[in-house]
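A single structure is presented below for examination.
Order as written gives the chain letters A, B and C; numbering starts at 1 within each chain.
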Amino acid sequence: MSKFDSRLRAALVAFLVAALPAAGAQERGVTDTSIKIGALGPFTGKAALFNPLNYGSIAYMRYVNDMGGVWGRKFDIVLGDSACAEAKGIAAAKKLIFDDQAFMILGNPCSGVAMAIKPTLIQENVVWSGVSANPRIDGSVGSGGDGPPPKYMFHTTPNGYFSGLTMGKFMMTKPGAKRIAFVAHTNDWARGYCDPAKEYIEANGGEVVLDTAMERGSTDATAQVLQIKAQNVDGILGCLYQPELVVLLKDAHKYQLGVPVIGALGADFGQTVQQVGNPDAVNGVFFQGHLYKDKIGAPSLEWARQILVKYLTKDELPSDGEPTHFYYFGMFNGIGVVEGFRRAGRELTRDTYIKAVETLNDFDTNLGAGRVTITADQHIGVSNMFFNGLDEKGNEVIFTAYGKPLH
Amino acid sequence: MLALLPQLLVSGIAIGMLYALIALSMTILYRATTVVNFGHGDLVMVAAYLLTIFAVNATLPFVPALLLSVAVLFAFGFLLHRAFIWPIIRGPHLSLAMMAIAVGYSVRGLVRLEYGQEAVRMPRPFAEKIFFVNNVVITLDEIAFCVVVLVMLVASYVVFSKTRFGRIVQAMFQTQRGASLVGINVMQYNNVIWGVGCALGALGGVLLGLILILDPDVGAWTLLRGFAAMTLGGFGSLHGAVVGGLLIGVLEKVLGTYVSTAFIDITCYLVIIVVLLIRPRGLFGQHATLRV
Amino acid sequence: MRLTRRAFWLLPLLALPLPLVLNQYYQYVVNLILVYVLVGVGFNIVVGNLGQLAFSNVAFFGIGAYASAILTTKLGMPWWLTVIPAGLIGALAGCAASIPALRGVRLFYLAIMTLAFGELMRWSYIRTPVLTGGSMGLSVPPAEVLGWTLTRDDQKFYVFLFIVVVVVVCTNRILESRIGRAFQAIKNDEKAAAAMAIATSRYFLLAFALSGFVVGIGGAMYAALVGHLSPEAFDLVQLIQQFAIIMVGGLGSLAGSVLGAILITATPEIFRDWPGFEELMFGVVIVLVIMFLPRGLVSLLARIHPVFKDRFYQDD
């Protein structure tokens, strides 16, 4: 028995000695020439619609690689499919961390998965940056969470809390707006946007008269729209994915609701307008949160479009080859992440990296509507956004507040 | 709020027509082989994608694209029965159910691989239009739903009760063994019926594509509505499927508006559970429970 | 026969040193397999042994998981004390799910009805946010066993392995007893079983309750392993995955449930580098198994060694 014990101990010691240099000498996932990045996304499953968020940051990192990388290191990107399911997502994240030895995980848009992997990320001190809506992931006091932010987790875009808040603000800047209705999916993504918006509206003299559910796959919104119509509301907030947002807009027009509908970031504005297919149903009525400094397709964003089109494969781009808003959203995230690496310098560890990220102050991504400011107490980098809308002639307009165009 | 009732009835019946068509197509399969096609929803969904591919990628006009996708689904149903269902038809019901689920699941996986990451809009044959009758709103799509489904219902009634083909199918529903004893090629007939059922389902998918943005997961959703309509109407009954579909369409709207929008999605589950517990044979069906 | 018995102890013993060679990713996958072993074993009782087309397994799984999570988060119970209650609540759900079967609902009717029951449960998780956290989900603190907190996957592994061995051995005892033979008689011919004075309704209730109990415990383990429950985790996709476990493994076979759980959980991990193909692959694999191996992969192994041949395994 004791013989076995000592042998076991010897084996363990040998194992540890062999394992130590790998862990101690250099930061996990960092070599002199590369940084391993895990990109976790819903490649399959019912939220695959959001996977382009990952491609946006991947495209930007490939572009940076092409320009020579950061401090001599190039990004080595490994994909992980979370299928938007917790059990699968944890497996994917653990593979990226323990098997692929990724330095950082570019986060999953699915909040449930992000919440499920959070304990592992914290335990293993893995750097995470993502675009999930749920404020409980890396929000802190003032950004939807309670207490300080998790040390190595951050957003370089608004989280659901700030996006929802901005939606509520936009609604309440409409003159005379008081009675507001909500139409939302029954999932954590939708609640991530709708709950802060609700909070803001109620705290600022508004009244949430209805909070209706609209399930994924709904063919019509008759019940929701008729309920809303009976309540005489001043506006609707729709925390819906694109397919259902289109249905809501069509039915709001069909039943002549005539009040503004404000969408969350779950849809592409241009595509939604096109898919509603009826100018009367959207002109002057449909608004949506807009994360970028100008409209997509504007000359000032052409550089971003060039990167997306050049560095993504045909399979990664939509079938018509034109990147949607989600791709730019992901790129917004990628720019902040890469800037962190620039500022961290040659001596790259997770601590120098997160310190560098926390120096981002009013950082202009040249893409986003809001500038990125991250501090030790606040890891959500951006707290505001613009809104898309259409004028009477159907031209896209960017608004900073209701009725206040940017240009 | 009571003033809304006529509107709810109209839009409920219109969407109910769609459920009816899907239930009708499943009932036709069920009558032929007494197998419930658990993968039907995915086939319905894939028809709308096929039409989009034919119309957008192959730039066909709408009608040829429609006919082509219905034809493809006919062939698919034919082959599905011939290659996957018939060889195991004598096996346990579980295998039959799982076979259909698995085929549907593969189809869904294939669609998701290609279109999972974008929202696709099916091309339309006509512009959207809204009509007002008194205070009730009705869309051109809704009228189209009613017309297509009524035509299909009459057509299947004629085929199944007035033609020789229909009588043979009826005979097979009673007893497959007896039918084969009198020299009917049961397999071939069933192949055709699966083709017809899937083609009808395809039509339902195309109607669905008129009113929503395509999503690979629409299939599961359609399937449950179809089940609820079949259960309410009574399994195996053609007109039962239609009546069941209409009732569920209306019930969803009424419950959703008067009680809570949270009930829209579970209307069909509640209907299934209540009907099977209280009156398992539904409105027009035959015996559905086992007496021991 | 003796070898079969020994397999219940030998296989887990062989698994004991696994944490020494596995990193936490593989260890997590192994733990997930253990969860799905119970899910498969429980599911197989109603579908494989009793031969009923019941699709309510995901409901039992979710109910067990939420029961354990609610007892830990709302009542502050340590996780290990919630395992048995989660199983009991799962058994209660099993009793509820057996009501239509007791009323004579069979075949596709039962399938559709239990499918509706499962979806209704998912809706209930969304609609009772006070208990379940609603659509935002419910985060569970790290599991605690006898004052020991399980934060790492290798710690969870030993606890899970212990639970799985106990539950599987007990289930096997029951299935080998008169009860199991009665299930088999009902599966083969329900009317004949009734004619032989087998109280069929009592065995229906028993099978569903037992299934709910085993799967409910699996749910409690899932809650401890994943740590965050959301209603969407208990949807139709989960159902298809659980079906795949028992179909691919082997209907009505304990060894089949274990084999199925291993294959269906591990295979997608092997194919991780080709994301997107999972649904397609799943579908194709089930089709192939039904076509060519209707008794599941375990029937292949049974030809090699009788260890895999269950008492109720019939080669027809």
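Quick note on the criterion: contacts are C-beta pairs under 8 Å (C-beta built on N, C-alpha and C of every residue); 3 or more make two chains touch, one makes a residue touch a chain.
These figures come from a predicted structure and were not determined experimentally.
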Relative to chain C, chain with the most remote C-alpha centre: A
Pair joined by more contacting C-beta pairs (A-B or B-C): B-C
Chain A-chain B separation of Cα centroids, rounded to whole Å: 37
Rounded Å distance, chain B centre to chain C centre (Cα mean): 32
Per-residue overlap in chain B, given as positions that touch at least 2 other chains: 109, 112, 116, 262, 265
Contacts with 2+ other chains: residues of chain C: 276, 278-279
For chain A, residues contacting two or more additional chains: 44, 46, 186
Chain C to chain B touching residues, read off their complex: 47, 51, 53, 99-100, 103-109, 111-113, 115-117, 119-120, 123, 127, 190-191, 194, 200, 236, 240, 243, 247, 251, 276-284, 286-287, 290-291, 294
Complex interface listing, chain A residues touching chain B: 44, 46, 48-49, 51-52, 186, 212-220, 222-224, 226-227, 230, 241-243, 246-247, 250, 254-256, 267-268, 271, 274-275, 277-278, 318-319, 324
Partner chain C, residues of chain B touching it in the complex: 36, 38, 84, 87-88, 91-95, 97-99, 101-110, 112-113, 116, 220, 224, 227-228, 231, 235, 262, 265-266, 268-270, 272-273, 276-277, 280, 288-292
Residue ranges of chain C touching chain A (in the complex, touch as defined): 23-26, 28-29, 32, 126, 134-137, 139, 142, 151, 153, 222, 225-233, 237-238, 268-269, 272-273, 275-276, 278-279
Residue ranges of chain A in contact with chain C within the complex: 43-46, 79-81, 83-88, 90-92, 94-95, 97-99, 111-112, 115-116, 119, 123, 134, 136, 185-188, 190-192
